[in-house]
Every structure is written in structure tokens, then in C-alpha cells.
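Next come two complexes, and both contain chain A; in the first it sits with chain B, in the second with chain C.
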Partner chain A sequence: MYGIEQLLVELATRLASIEAVNAFFRDPRTTARVVGVLIAIPAGMLGSFLLLRGMALTSDAISHTVLLGIVVAFIIMTRFFRMEPDLSSPWLIIGAAGAGVVTVILTELVQASGLMKQDAALGLAFPFLFALAVIFVARYVENVHMDEDAVMVGEIGVAWANTNSHPIGDYESVVITADDPRAEIVRRCVNCVRDQINPRDPAAEFIEVCSNCGEYSPGEAYRAGFTTVRPVLVYWPKSVTVALVMALVASLFIAIFFKELKITTFDPELARSLGYRPTALNYALMVVVSLVAVGAFDAVGSILVIAFFIIPAATAYLLTNRLSRMVALSAALGSAGAFWGYDLARGRLFGVLPLPGDWDTSISASMVIMMMVLFVVVLLASPRSGLVAVWARRRRQRRTFVDMVLLGHLDHHINRVFSRESLEAHIGWQPEKLAAVLDRLERSGRIEIDAGRINISRRGHTSLAAFRASTT
Partner chain B sequence: MAHQGEHNRMTDNNGGGGNAALLALEIEDLTVAYHSKPAIWDVDLTVPQGVLMALVGPNGAGKSTLIKAVLGLIPRAAGSVSVFGKPYERARDLVGYVPQRGSVDWDFPTTVLDVVTMGLYGGLGLLKRPGKRERELAMYALEQVSLQDFAGRQISQLSGGQQQRTFLARALVQDARLYLMDEPFAAVDAVTERAIVTILKELQHRQRTVVVVHHDLQTVTDYFDWTTLLNVEIVASGPTDTTFTEENLRKTYGGSIATVNAIAGGDS
Partner chain C sequence: MTTTIDARSSWPLIVIAAVLVVLFVPFSSTVMGVRYTYTLRTVAIGGALLGAVSGAIGSFAVLRKESLLGDALSHAALPGVAVAFLVAGRELGALLVGAGLTSLLGVAAIRVMTGYTRIKEDAAMGIVLTGWFAAGIMGLTYIQGRPDASQAGLDSFIFGQAASIVRSDVFLLAAVSTVAIVLLITFWKQFKLITFNAEFAGANGFNVTLWSALLSTLVVVAIVMGLQLAGVVLMVGMLIAPGVAARQWTTKLEAMVPLAAIIGAAAGGIGAVLSAVDRNLPTGPMIIVTASAIVAISVLFAPQRGVVWVVLTRWRDARRFAMRTVLRDVYHYVHDHSASVAGVPDSFIAGVRGRPGRRALNRLLARRMLRKTIDADTGTRWNLTETGQRVASEDARNQSLWDMYREAGLRLDLPVIAEQRDRDIRALLPPQAIDALTDLLGDKEGEPRVRY
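Right, the complex of A and B next:
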């Protein structure tokens, strides 16, 4: 990750000045938005496939169980390799991807027993893995910064502050060895703890150790006072790198396997008969979902990740009939939700409308709310299947229908003379309803009312004939 | 089969050409089980090239299972399958499959043309997208089933019969030599049924082999020149004249003779 980050820094400083890059990410607003959008894009695209495969809840399960992968990898790293990985370490990410796959395998095992349906199988498998993770954290992971808030809603708001500093230009890193004059040598009692004795006790034995030996990056060396050369540094938020890499991996995966994902999602049997491997592709998809879930975990916590996968995809589903458009729209809607979500957290709806009071709230939660707002807007207003459009269409159809009932009646008894009163008696409608229908028909010229006598006009005949033809 | 050795020798020179004696489908000792309960049991079946065959049997007889096992969609417990003398894995592009209509999500965001184009995905390599040529072929297949006016429709806005014809077009576009169709006549009206039969006969005319799971015993003799009766095991298989007899039907369907007579009408 660090190497990739150096490349990104290199690229960014080519495109803009160092000061501009630093100023860009020092603004909590921009960093939060960049991270949010970088999570929303891959999650939205992958979410489209999850939704269509009936695996919406799988993304929720995976976003929880990645914690187990992270923790297990963390324990292995610290116990056996004496390293201190953080969430952007590739080992933790591999661990997380593994946990995602284990979740899916476990779910499928339970399901294959034939005793449980898929939702129940998920409900059994993922709390188990999550519970294991919680116990491992409590039991084996000390002083690791993993508080409940972080697990709940993530740390996107402080993403700007968690940076790697990259020196720009040729600065040497500084190595301090024990014989260096700058080395600090301290005496440490080797048997005090074991024998429970005071360091002043004559039985205490001491060794000398160097407390500050090691390799220092130019930035660290300057801060520690080992050098007076102050390097030019770019402070690059770690979560931007993680999210960007995950977004690239997911986009590449979808771009390369779009056709395969499409056919195995729509018709796995056809796919298999044509020589595709739906099972292998399914696991590949789960690995990519897990990767994106880890990237998202850091920023938005494990509970809200599912929203990034599913809400934009569901919104896009209402808007289009084409899979490719659904995938693109889902990414766009997710990004919009993440972008405006930041504003909402700071009290501005859609970035402009100020909300009353002192508004300063969870960024990730606000992003989810914003995605939901977009969903509801589309649900109501989508031109094709939106509730408003459907309601308007129904209303129109209902009106046409009552109009035609009345016209049909006039036509059927063409030789009779009708007045409002006789019609009312015949058709049996409320006077107001009858008046409204007559009014509409007269205004459109489909009936003529002549001294209280109601006659169907030529246009009325045409309209009735057209209706009859369209319904048979 | 008596000519086993001969068939094997002939099938060695691959599936191409118009070799009349070549078998389109050869199944030996095929057993398939779900959870150790056999759905089909030691099935031997040979389908000569160029026949239009009905696969007939009661619900749960294993007809769908047989077809899926041929296509490698479910694992075989025992036995072997060869298509034009080759294992299915090497003869994929020779086979077209029309699944039962209920097997996909009809609310999937895709159009009729798009679904038909999927029939051509087998011939596209990795990273290749279907292009103009594929769309033209798909459009031509849609014309054959008279659905050209529905090309741009979302698939849920089709009637049951139109959905069935979409599947048929998707198989036609593959230009396969052997077609396996699972109940293409389910839930279609008389007009659509006629249209589908015409397409099937046309396929046969072009030397294609077609295997159709069929439930309507009344029409078997009209539509098909070859018949296989299946009920977990093969009851009979051969030309419809000699296979589709009252005796065999009774063996297949069990139950009372009256029932079988009633469903088969006066055909046999």
C-alpha cells in the first residue's frame, strides 16, 4: 500500500503544487467526500449484482465478518512476525477477503444441508463469525485503537488527520544505531518483574538497551531532532489510498468480467451450459465485495456498509431496464449520496438549504440518509415506475373508464332521450360524480347538452370505438 | 445397442459433416441422484442425428434431470454422455438449450434482444463484448420467432408465450446441431404452439436434432418422429410408430389403463 501511495503522491504532485495537495486533503470536507465517493462507486457497482442475485444481505454479513479476518491477521502479524500492522496493511486486507469467502462458504454449507434457507443460513453464519471476532479483540488485541464508535459508524470525519507523510525530493532516511552519538542508551532491569523485586534491590540485574534505535523517515528524523534539514512533505490520508485501490480493483473486475457477471447472474444454467463457471465467478465476486467492505469498514463502520451497496443499486433498479446503465447509475447515485451526505452532516440539505439549529452529526450516517432520500425521490418520481407516475396513470385510466361507461350507455340507448336526472337514475352514480363526468365529456366535445337533453356526439362515437378496439 | 462398436468407430472422426449414421446423443449407464436418491437410474439412450424427439414421462420422471445431466449442470453419479461422439465439454458449441421458463428472474434489467444475444456469449472470449454482428444475428433469430417488434422490451413485459419464444430465439441464435428443450409448449396458446412446431420442423429439415420434453400425449404422433418414454428408467425409445404404444404408456405412467387411454386419445 505504501508503495502505491508513493506513486499516487508522485502523480498528485505532478498535477498540482505540493501546497495545493496538502491544502486539499487538510480540509476535512474534501477528504471525507473523496473517501465517501471512492467507497460509493465500487460499492454501488457491486451492489447492483448483489441485488440482482438476491444477495443483498450477503454484503451485510461480509461487512461484519471482515472484522474477524482483520483481527486474525492482526494477531498473526503481532504474535508471530512482531509487526504492528494498521488497517491499510495488505495482510489485514487479505485476511478480510478470506473472512468474506469463509462467510459465503459457511452459509452455503448450512444451506446445502437442506435444513435451512439462505436467509437463515446467513443469520447463523455471520453472527457466529462476528462474535468470534469480538472475543478475539477482547482477548488478544490490547491497546489497539478500535473503539465502538469506529465499528459502528467509522471514522470518515477524521480521515484527513490519519496521514502518511511523504517527503518530496532527495532526503536521506536516518538510521540510528547503538554506537551513534544520538542513540539513547537506557538501563533496563531484566529480572525485576519476574522476581518481583525493586530495581534498587542488589539482586537486580541490568542490561543496556538503545531506546531510539531504528530507521527514521526524513519527516520523522526532522521531528525527532536528528537532522536540521526540514523536508518538504505531502500528508496523504491513508484511507484515500485504501479506498482508491479498492475502487480500482472493483472497477477493473467489473470491466473485465461484465459479460460473465451478467450471464451468470441472469441465467446461471445457460452460463454453465456455455462453459462459464458461475461458482468460481461467485467466489471472485465475494472476494471483491470483501475488499471493498474492508476499505469501507475503516471509513463508515461495519453497520452502514450495506447501505452503500444496496440503496444506490435499488434506486438505479427503478430507473432503467439495462444492466450496464443500472451499474453506472448506481455508482453515480451512491457518489451523489456520499457527496451531499457530508453537507447534511454539517447542516445543509443538498449543500444549499440550511437546516435549523446547531447541526453537526455523523457523516457516514448522513451519507446513508442522503442515499435514502434519493431513493425515495426516485421511488415517487421515476417517470416509468415511480409511484406518482403509476398513480397518475391509474387515475387517468379510471377517468377514461368512467367516461366510456357513460358514453357506452348513451350509445347503447341511442334512441332514448336522456337528462341528468334520468341518467342519474340509470347509472346509479353520485350526482357530483355524474356532473364531473358530464362536464369533462362536454368540454372535450364528446357529448352535446342541448336544453338539458344529453346526446353523444360524433367525436364521442369515435372515442368510444377507439376504446373498444383497444380493450379487445 | 447392437451397433455399439460401429457407432464408436464412426464417432471417432468428430461431429462435423453430414454423417447420417452418427449419433447426436449417446448416453450410457447414466445415473443421477439428488441426496443419494436416484432421479434417473442407469439410463441408456441413443438419439440419431436429424430426429425430432419427444421425451415423455410423468411429473418427477427425471426428464429435466436427464437434460441437465447431459449439459453438465448437475453432477453425474455414474455413466457417460457423448454429443456427436465427443464429451459434452468439447461439444458445447454444438448444443443449444431451452430451459423451463420459470428458471430465470424475469424482472432482470435486460431487453429481449439482449437475452437472445446471450446465446452467443459462448463464442466470445474474455474481454470481448457482443457487438453489431451479434445483435444482427439475434435480431434475425427474433424474426424467426416473430418477436422482432419486441426487441427493445424489458422481458417482464412479455406474455408467457412470448417469454418462451425468447428462450427459443436464444437457442436458435446459437445455430446448434443438437437442441435440448425443456417444455417449450408449457403455457403457450394454440397459435404459438403451431408457430413453435413449425420452427422445430424447420430445424429438423435443416438436419438439426431436437429433443423436446413434452407433456401433451395427444400431439406426440403429430409432432415427433422419435419418442423416448422415461420414468426414472427408460421404458422405450425409438421411432414414434413403434414406441408410442398403449402398452409402453401404461408402463410409463402406471395407473389405470383408462387414464392413459383418455390422455392418449385414439392415437395409438
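Right, the complex of A and C next:
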């Protein structure tokens, strides 16, 4: 990760001045937006495939296990390897992503055993995994980076403050070894704790250890006073690197396997018979989803990341019938939500409209709410699949249907003379409904009412014939 | 009334489960050294009550395949807590009513999305789950940003905070539970009908929409009551786990629901007590882990469908099948080669049936149905003992009768029965029918028609 980050820093400083880069990321708003958008893009693209494959809730399952995976990896790193816990460590990411894939396989196994339905298996797995994770956090983790709040909502708001410093130019890192004059040598009792004896006890054994040995990056060396050269540093947020790498992995995966993903999504049987491998691809997709979920955990927590997968994809699904457009739209909608989310968290809708009150709300939740706002707008107003369009279409269809039923009756009993009353007795509708239908038909010239006698007109015949032709 | 008789047969199971649960109290206080303080008593009783009622209601959700709906609904309760706090202040009743309202709004949103647009149910549930939850988080953080301090502990609705439960809450819980259980019993017939066959219920004039809505409302009530203890994230576990566990032990709704209630009570009570063992064990998650453990035990050990049971039965069946097949092989081999052969060569069975055949040979040897002769010239050979001869010829005759029944059963106008070739046909057909089949069989009795 650190090497990739250095490349990114190199690239950024080529494009802009060091001060500009530092100023860019020092603004909490820009960093939060960058991280949010970098999560929303891969999640939105992957979410489209999940949604179309009917696996929307798989992202839910994955995010829950990924949480447990992260917590367990965190504990193993701190307790057994005495490592500085770091949510951007590649080992942690790989371990947690592996846990995500294992859950998917396990739920499929449970389902295949027929002991419980899929929904029950997932409904059990979610709270169980979450409960385990919470217990572990409460019992074994005493670290500011990992508490219940961070698990729920992430720390995108402070992403700007959690940085690696990269020196620009040729500064040498300083290595302090035990024989260096600057090394601090202390004596440490090796058996005091184990045998519970006092250090003054003659049985106590001591070793000399160097308390400050190790390699210091130029920035650290300057701060520790080992060098007087003050290096020029770029402070690069760790979350940006993680999110960017995941975004690249996911985009590459989709770009390379777009054709395969498309065919296995819509017709797995055909794909299989053509020699593709839908199962292998499915697991590959799960791996990538897990990676993105792990990468996003730090920033948005483990529940809200599900929204990044599902909501923009569902919004795009209501807008288009083409897969490529859906993927692109989903990424764009997710990015828009993430972009405006920060402002909503500070009480400004779409960045301009001020909301009443004193706002200081969760940024990740606000990003989700902005996606939700976009979703609701599209849900209501989408030209083909929106609620308004659907309601209008159903109303029109209902009207056409009753019109045609009435015309059909008139046509069928062409030799009978109908008045309003006899027609009402014949067809058995409510008087108001019949009146409305007759009124509509008369206004459109499809029937003629002549001294109380209802006759089907030439235009009525044409329209009935057209309807019959269209339905057979 | 066969239903009640069958249901009665699972009452011992229910009673045993109840006794085990009650026995946990002395066990925990003596062996584990748990001290039943006032707080722990309150929390444990609250947990048990909640577990019982949510287990009973959740059984229906499990059977109606609405487990994940429960998950979405419990997440959807969070914004209600925030809004109710903003409107009415820190009043437990108001908070719970608000939670219930947004939760019901979530159901409605899912119904609209799936009913009117092309969004599938899983996506709709995901949207409601995360969208409502985000709104809740936003509301809570908004409230936390305000100067007054009365909001302290409001975010305990996320994971639940058992320690905040006081005696009056338990009374409230008991009252609501009683109402919910009474409703469940009163409308038992309707709920049962819409759970198992909604179309049939609709066709018989039951208002399926109304009863489904009432059932969903009961689910929401259970969720809302559990918010304080288990929180929105974990509540679905309380709802689902007891039902899934109970389902493994019985096939009758009349037994499943009480059993689920007992399992839920056990999970709630035991989880609360276990969390008192160490200060760092949160109660809600402990309850969920306990419930999941009960599910794991049920899935492994339940009779008829538990994993252990299924694996054992499968082994037994495979063994029996191999033994029967090998016995037939030996019988027919001897039959075909007349008495001149000195027995069936070892290599024949091994070649035809492989390793399972060898194992079956040794089992038959142990049961004294086969005899083994080892000869330097002809190698190992197998012969039927007297018992083996009797069993094998009996089986061959039975199979011939079955063949005959299949061939001539309809022509002879014999009673129609299902073909169960591993059973004795004489126990299934009347004696006259057997006589007719035997006549038809003539001297071919015992001759195999179908080779095995």
C-alpha cells in the first residue's frame, strides 16, 4: 500500500504544487468527498450486477462478515503479532475479504442442505456475525480506531486527519541501530512478569534492549530530532489510497470481464453452454465485492456500505434498460450522492440550500440520504418505470379496457336498442362508472347518443377493431 | 382430529425444554457463580419475556419466508426513535411508537416498490434497510449535536443497552406481550391459514391482506419491544432464531410456536445471565449468540432432519443396501451356476461391487448369512449359510411376487398399492391376492425376472 501511495504522491506533485496537494487534502470537505466518490464508483458499478443477479442481499451478508473478519484480523494483529493495527494494511484487507467469500459459500451450503430457507439462513447469519463482532470489540479491543460507533458509521469525517507523510525530494531515512550513539539502551526484566518477582530480586534476569531503534522516515526523523533537515512533506490521507486502489481493482475487473459478466448475469445457462464459467465468475465477483466492502469499512462503516451498493444501482435500474448505461449511471448517481452528502451533513441541501437548525450530522449517513433522495426522485418521476408513469399507464389501461368492454357489448348486441337504463341493467356496472364511460366515449365520438338511444359509431367500430387486432 | 394427537406427541419435548431452561437458574448460580442482583433479575426476566413473545411471533415470519423483512423492519425502526425524540422528548412510550411507525412505513415502502416498479423484493428490502437506517443515524447524530444533554444513551437503541431496563419497563413488556399472545391465540386459525396457504384462505373469504397486515404489525410490535434490549441491528436474531430452531424439532405449528417461545425465553434469559459473568460482555449480542448456539444444536442434533441424524441414516441405508445386494449376488450366482460350483469367488463380488461389496461380505459373514472357504487352488469363495439361504430365497420370492404384481396386478384387479420393494408384499396385500400371484408365478417361483 505504501509503495502505491508513493506513486500517487509522485503523480499528484507532478500535476500540482506540493502546497496545493496539502491544501486540497487538508480540507475535510474535499477529502471526505474524494473518499466518498471513490467508494461510490466501484460500489455502484458492482451493485448493478448484484442487483440484476438477484443478489442484492449478498452485499449485506458480505458486509456483515467482512466486519467480523476485520475485527478478528485486528485482534490477531495486535495480540499475536504485536503489530500496529492499521485498517489499510493489505493483510487485513485480504483476510477480511476472504472471510466475506467464505460466508457466501457457507450460506449456499446451508441453503443446499435444505434445513432452512435462504432468507432464514441470512436472517440468522446477519445478527449472529454482528453480535460476535460487537462482543469481540467490547472485550478485546481497546483502540480508538475500533469502537461500536466506527463500526456503524465509519470515520469519513476525519479521513483528512489520518495521513501518511511523504517526503518530497532526496531525504535519507535514518536507521538507528543499537551501537548508534543516539540509541537509548534500557534494561528490561525478562522474568519479572512471568514469575511475578520484584526487579530487585536477585533471581531477576535482565536484558538490554534499545527502545528507539528502527528505521525512521525523514519526517519521523525530523520530529524525533535525529536530523536537523526539515523535509518537505506531502500529507496523504490513507483512506484515499485504499479507496482508490479498490476502485481501480473493481473498474479493471468490470472492464476486462464486462462481456462475461453480462452473459452470466442474464443467461447463466447459455453462458455455461458457450463455455464460460458462471460459477467461477460469480466467486470472482464476490471477491471483488468483498474487497470494496473492506476498503470502504474504514470510511463508512459496515452497514451504510450496503447502501452504496444497492441504492444507486436500483436508481439506475429504474432509468435504463441497457446494462452499460446502468453501470455508468449507477456510478454517477452514487458519486453525486457522495458529493452532496458532505454538505447535507452540515445542513446544506445540494450544497446551496441551507436547512434550518444547527447541523453536525454523520457524513456517511448523509451521503446515503442523498442517494436516497435521488432514488425517491427517480422512483417517482422516471419516464418508464417511475411510480407516476406506472400509475398513469395503469389508469389509461383500465380506462381503455372498460371503454372496449362497453363498445364490445354494443357491437355484440348491435340489433338491440339500448337506453342508459337498459344498458345499466344489461352490463351491471355502478351508474356513476357507466356514466363516466359513456361520457368519455361520446366525447371521443365513438358512440352516438340519439334521443336516449345509444349507438356505436363508425369511429367506435374502427377503434374496437383496432383493439381486437392488437390483443389477438 | 389427527392434528391434536400428533401435536400432543411433541408435548414431552416442550416440557423437557421448559424444565431445562428453569434448571439453568440454579446451575448458573452454583456452578458459574452468577449473583442474581436486582439489575440482573430485571434484565434476565425482560430478556426471557422478550424472547418468548418474539419467538412465538417470529415463527410465523420464518414460515412465511419473511425473515429478511424482519431484518429490514428492525433497521427501519431507528429513524422513528430519532424523530420521536425531537417531537416528544425522552419518553420511552413515544420513542417506541415512533419506532413502530417508521417500521410500518418501511413495510409500505417495500410493498409499493415491489408492487409498482420493476425493483425486486431483495433490492427493496436492502434499500429500506440502509436508507431508513442512514436516516436514523443522521437523526441521532443531529440530536447529539444539540446542546442539551437529555439525549444521552439514545444511541443505545442501535445495539441495545440492557442495563437501562428498569422494573416498569418489564411490566410494560409483560403487558404488551400478553396482548400479543392473546391476539395470536385468538386469531390462530387465520394466521395458520395465511401462513400455509394464502390462496386457499383468500378463496374461502378470509381477508388475506388484513390478516397479513395484523401479523406484520405484531412483528413490528415485537421488534419495537426488543429495541431497548437488543437494538435495531440485532433484533432480527431474536425474531428468527427461536423459530428456526423450533422448526428443526417438530413439523406441527401447534408445537413449533410454544417451543419457539421457550427457546426464545431460554436465549433471552441465559444470554442475559451469561453477559453478567464478565463486565465486558454486552447483553444484546450475548443473547443473539446464545440463540444462534441453540439453532446450531438444533440443526445438528434434531431427530429426523438434524445433520447428525441424516448422516447416520444415510450410512445405515448404504450399509443395508450393500448387504442386500451382495446377498442377492451370491444367491443368483449359485442359482445360475447350479450346485456344481464351490461357491462365489471373492474376486467376482469385489470386481462387481468394489470396496463396499467387500465390506458387505464381511458384515454378512459376521451375521452368519455367508460362509467363507479359503482354498489354495480356487482362492477365497463364499457360500450361503442356512440362514443366508433362507433370507435370500425369501427375498427372491418376494421380489418375484412384486414383479408379478407389477405385471398382472391391474389385470387381476388386485388392490392398488405403492411399489415398496424392500417390504414384504404379503404384509401389504390380502391373502387371496397373494394366492393369485403365486398361482401365476407357477414353478418360476424364486427365479429372478429382473436381475439386480
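One rule holds for everything that comes next: the second predicted complex is superposed on the first by the 336 of 472 C-alpha atoms of A that agree within 3 Å, B and C clash if a C-alpha of one lies under 4 Å from a C-alpha of the other, contacts with A are read in each partner's own complex, and residues count from 1 in each chain.
The definition used in the following text is that contacts are C-beta pairs under 8 Å (C-beta built on N, C-alpha and C of every residue); 3 or more make two chains touch, one makes a residue touch a chain.
Please read these numbers as outputs of a predicted model, since none were measured by experiment.
Enquirer: I'd like to know which partner A:130 touches here: chain B for first, chain C for second, both or neither.
Expert: second
Enquirer: So in the superposed three-chain picture, is A:15 touching just chain B, just chain C, both, or none of them (first/second/both/neither)?
Expert: neither
Enquirer: May I ask you to name which of chain B and chain C touches more residues of chain A?
Expert: For chain A, the partner with the higher number of touched residues is C.
Enquirer: Can A:303 be said to touch chain B (first), chain C (second), both, or neither?
Expert: Second partner only.
Enquirer: Where does A:358 make contact in the superposed view: on chain B (first), on chain C (second), on both, or on neither?
Expert: second
Enquirer: Is A:317 touching the first partner chain B, the second partner chain C, both, or neither of them?
Expert: So A:317 meets both chain B and chain C here.
Enquirer: Mind working out whether A:414 is in touch with chain B, chain C, both or neither, as first, second, both or neither?
Expert: In the superposition, A:414 touches no partner, neither chain B nor chain C.
Enquirer: Once chain A of both complexes is superposed, is A:272 in touch with chain B (first), chain C (second), both, or neither?
Expert: first
Enquirer: Kindly classify A:207 by the partners it touches after superposition: chain B alone (first), chain C alone (second), both, or neither?
Expert: A:207 sits against neither chain B nor chain C.
Enquirer: Overlap the chain B and chain C contact sets on chain A and report the shared residues.
Expert: Shared contact residues on chain A (touching chain B in one complex, chain C in the other): 317.
Enquirer: Per the contact definition, I'd like the list of chain C residues that touch chain A in the complex.
Expert: For this pair, the touching residues of chain C are 62, 65-68, 70-71, 75, 112-113, 116-120, 122-123, 125-127, 129-131, 133-135, 137-142, 145-146, 155, 158-159, 233-237, 239-241, 243-244, 247-248, 278, 280-282, 284-286, 288-289, 292, 295, 299, 305, 307.
Enquirer: For chain A, which residues count as touching chain B in their complex?
Expert: For chain A paired with chain B, touching residues are 52, 114, 256, 258-260, 262-263, 265-267, 269-276, 317, 320-323, 325-326.
Enquirer: Where on chain A is chain C touching in the complex?
Expert: Residue positions touching the partner: 51, 54-57, 59-60, 113, 115-117, 119-120, 122-124, 126-128, 130-132, 134-135, 138-139, 148-149, 152-153, 303-304, 306-307, 309-311, 313-314, 317-318, 345, 357-362, 364-366, 368-369, 372, 375, 379, 385-387, 390-391.
Enquirer: Which part of chain B faces chain A closely enough to touch in the complex?
Expert: Counting only chain B, the residues touching chain A are 35, 68, 71-73, 89, 92, 95, 97, 99, 103-105, 108-111, 114-115, 118-119, 121-122, 124, 126-130, 154, 170.
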